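Consider the two complexes below, in which subunit A is the common component and subunit B and subunit C are the respective partners.
Right, the complex of A and B next:
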């Protein structure tokens, strides 16, 4: 008690573990791959200033948005929002069903579970623009192509996020439902879905945010809406019109993100 | 009637949960299973409704085989066997009534239940179950808003809504404070008396076991090492079941003490703030 040394008889302190060689090798590998990739595509920042002057007149047009054009973009903007709403609704509904199939918690049959997982991997392997081009080829230009493309894009995201949430759900209530003699579907309806609902709705809103942005890109490749307007104005070299659309787009996307985020905060 | 015939349960990890257990439980009995954790009492209870599959031997509930039952048979069997859990296992985000109605799912057509509808007769059963455990006024409250004791009562109501012939309870009071634990045990005792439902409860508090059981089954290392009325289960028997001398941790604090505490708390609440301040010794 008089000395500051610990009174407990202590065993020897363990030696500091040696730094792990694997960490350094991994780090070196990442650097090597990055350098190799840069050399491979002849990565070069010089065009940033040598070629800048060439596009100067385009930038000037961009800096002077044609505000009078905005009135004519309202229609396409509403079309874009409609596409996003419909695609979100359908995609999230189908996504919920798929997520139940793609979790071991809700799907005991290993064949069904694996098939659902595989199907979702395939669905996710194509990006949103990929689906846009695909449905443009299948059903022609227009909002239907955009809606179908977004639905596929949404199923992939929703099913992945939701099935992972289902995997992590508290098993107690599921066991209780099992013990009453309820079937697997009834258990999913009364135990699984109520528990994941806040997360799921939050994913749905997130997907809606993504859809507003994605529907613009998909519109450019023939999916209708404001994306189509951008594509048309680009083709006509009306950069000041494009600029007006972009400004409005930023405002709309920002507003919807704010709305959606405030809703999501209230969910959890 | 529940019959174990040489029942062995081996878990995939190689752990032996039950080691050739043979015993009969008569209709209407109130059986308390005691033993240390890992002694197999949870396995015993969970094998009865097939939550834990039997590895070998025969297990019959009302002359129906639990061992080797097909999924549909097992569901039918489970509908007649209610189960209560240590952590209540309610779905917190839905109402108390919805939680109790889970006990009616087995009798509700699939499509109807998927849309969240129940037949009036089933709703009536759920309300009656809530009335029996005295918590019907909370029917439309979210389950997560209730206290532990209230949640366990809702869990009991869920079981009653099933119209079971057997109630299994796996450490039903281990998460509750002593007065609430006694309240829940008294609920189970009353239901056993009034409805004649066979009740099998896992406990590790020996005072609770002695007080509520018609019959005590002691387990150690997956075997039944004691089976008899509470009068025969003296401290020496428990020391044999536990394989060590008894400690204060083996009993729930005295109920008399708990009731006294409750009375004192009530009395204190009735006093004015001023009076209670005066009464506090300096």
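Right, the complex of A and C next:
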């Protein structure tokens, strides 16, 4: 298959690599899925020209936030933050336990390990709104539903990230713990947890950032906090009030992201 | 086991003194701070904790009803209708997520180059990055209710466009970070052959970042599937609208069926996407690849 002859070693061009068949099949599949999806959702950008006028007055209201409304959103915002703190704490604690079960490093029993993995991927597959609706139906409207929904949402994320960190952990301390006759629990507590702790805490802060955003969505389906205010104002078509909440929300999210990022940088 | 040796006894034996334990003051203070924060939050949150006691019994009751819906013969009326409704709408959610991801990928790819400090001039980088930061700070939900739903009306198209705009923020940032991490060797080699800037980007930078960037796209697709469910509840199409409907009616059998469809389809798509990502990142470990070398 090589064409280079020994007499012309310096100038021989390497053969052009043949494009792989797999690449073409992959590209064709991507195009086919895109066309199928585009037809399915009736993709059409013409409304941008024809219907801009219809939506314009709503967008205009969004561009003129009703600042006087902001004073009345402080209470719901504090509720949202409290929901996020409690849910992060509980979710991260349970998530740590689940991640120890879902890593082959800490769980020797293959059945238990597989069961934990399967459980976690089921927990993760339901979107946060699904949990919001579920707990709203179970415990009624209010912040308790939001807390419970966020806890489930947090367990899925924390356990996935942490169990992957545990899988990649340095084996030395584990062998040392084994050689002292440590039980599985002692091994996890004194060999595994100290190694993953910085990463784990950084994931906890990351999840807290996500929780502020998610609790807005969960609030809309009945989980209390600022999301409830958004859905009330939205239903009353008070778009300038919604806009004021959104602006404040962006500021809060941005501030918390900055705070959490500076903390995370110190951790890792 | 013998009792711990006292420092005095160690000194008598001529052993070096034990180092004193490091101060745990900061650790303790942090713990107390977190504890105080949680207590304040528990006071402020005003949750109806009493409902927590009723929840286990209720969830058993509702869970039973949901399972009943799932285990019914799926080919008998009206359950066949419930299953087809849920599956068709779930596919619509997948379509929304896919189109959103494609829009995000198409726009974020050039934007990623504009936001990479080793490729673009400083001024352009700063402006592009700020735009990406703003997009990332706004939840998709807001794009949907503030811009897309008013213009495009209720329906899956508004959801797909909102998800698309939201995806540009994260994908653009991740792409620019991948570009900045690229080794300089191939770029220098390309330039030494007389390639211009665009040719260098095409033949030296793009091949190096492409696997990573494709993995980001797929990862974003997985996230967008969940996001499309959220937007559905606001009327932007997909399985979310069905979920909100059946929950409103407390139709637990249909809730069970719908949740089962969501969970099974999401897990399957995640598995496929994860396998493709793994293969894109770590290459093809097959015998055919060796024969070419």
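Going forward, the second predicted complex is superposed on the first by the 249 of 268 C-alpha atoms of A that agree within 3 Å, B and C clash if a C-alpha of one lies under 4 Å from a C-alpha of the other, contacts with A are read in each partner's own complex, and residues count from 1 in each chain.
In this text, contacts are C-beta pairs under 8 Å (C-beta built on N, C-alpha and C of every residue); 3 or more make two chains touch, one makes a residue touch a chain.
Since we're looking at a predicted model, the values are computed, not measured.
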Touching partner for A:70 - first (subunit B), second (subunit C), both, neither: neither
Which of subunit B and subunit C A:232 touches, first, second, both or neither: neither
Touched partner set for A:217, first subunit B, second subunit C, both or neither: second
Subunit B versus subunit C as contact partner of A:115, first or second or both or neither: neither
Partner contacting more residues of subunit A (subunit B vs subunit C): C
Contacts of A:89 with subunit B and subunit C, given as first, second, both or neither: second
First, second, both or neither for A:183, with subunit B first and subunit C second: first
First (subunit B), second (subunit C), both or neither touched by A:263: neither
Subunit A partner contacts - residues on subunit C that touch it in the complex: 34, 37-38, 40-42, 44-49, 51-52, 54-55, 58-59, 62, 91-92, 94-96, 98-99, 102, 137-139, 141-142, 145-147, 149-153, 155-157, 159-160, 226-227, 229-230, 233-234, 237, 240, 243-244, 247, 250, 259, 262-263, 266-267, 270, 284, 292
In the complex with subunit A, residue positions of subunit B that touch it: 49, 51, 75-83, 85, 87-94, 98, 101-103, 105-106, 108, 110, 113-114, 116, 155, 158-159, 162, 168
Interface residues, subunit A side, partner subunit C - complex: 17, 22, 33-34, 36-38, 40-44, 47-48, 51-52, 54-56, 58-59, 62, 78-79, 81-83, 85-86, 89, 121-122, 124-130, 133-134, 136-140, 142-144, 147-148, 213, 216-217, 220-221, 224, 234, 239, 242-243, 246, 249-250, 253-254, 257
Subunit A - residues contacting subunit B, complex: 172-173, 175-183, 185-186, 189-191, 194-195, 197-198
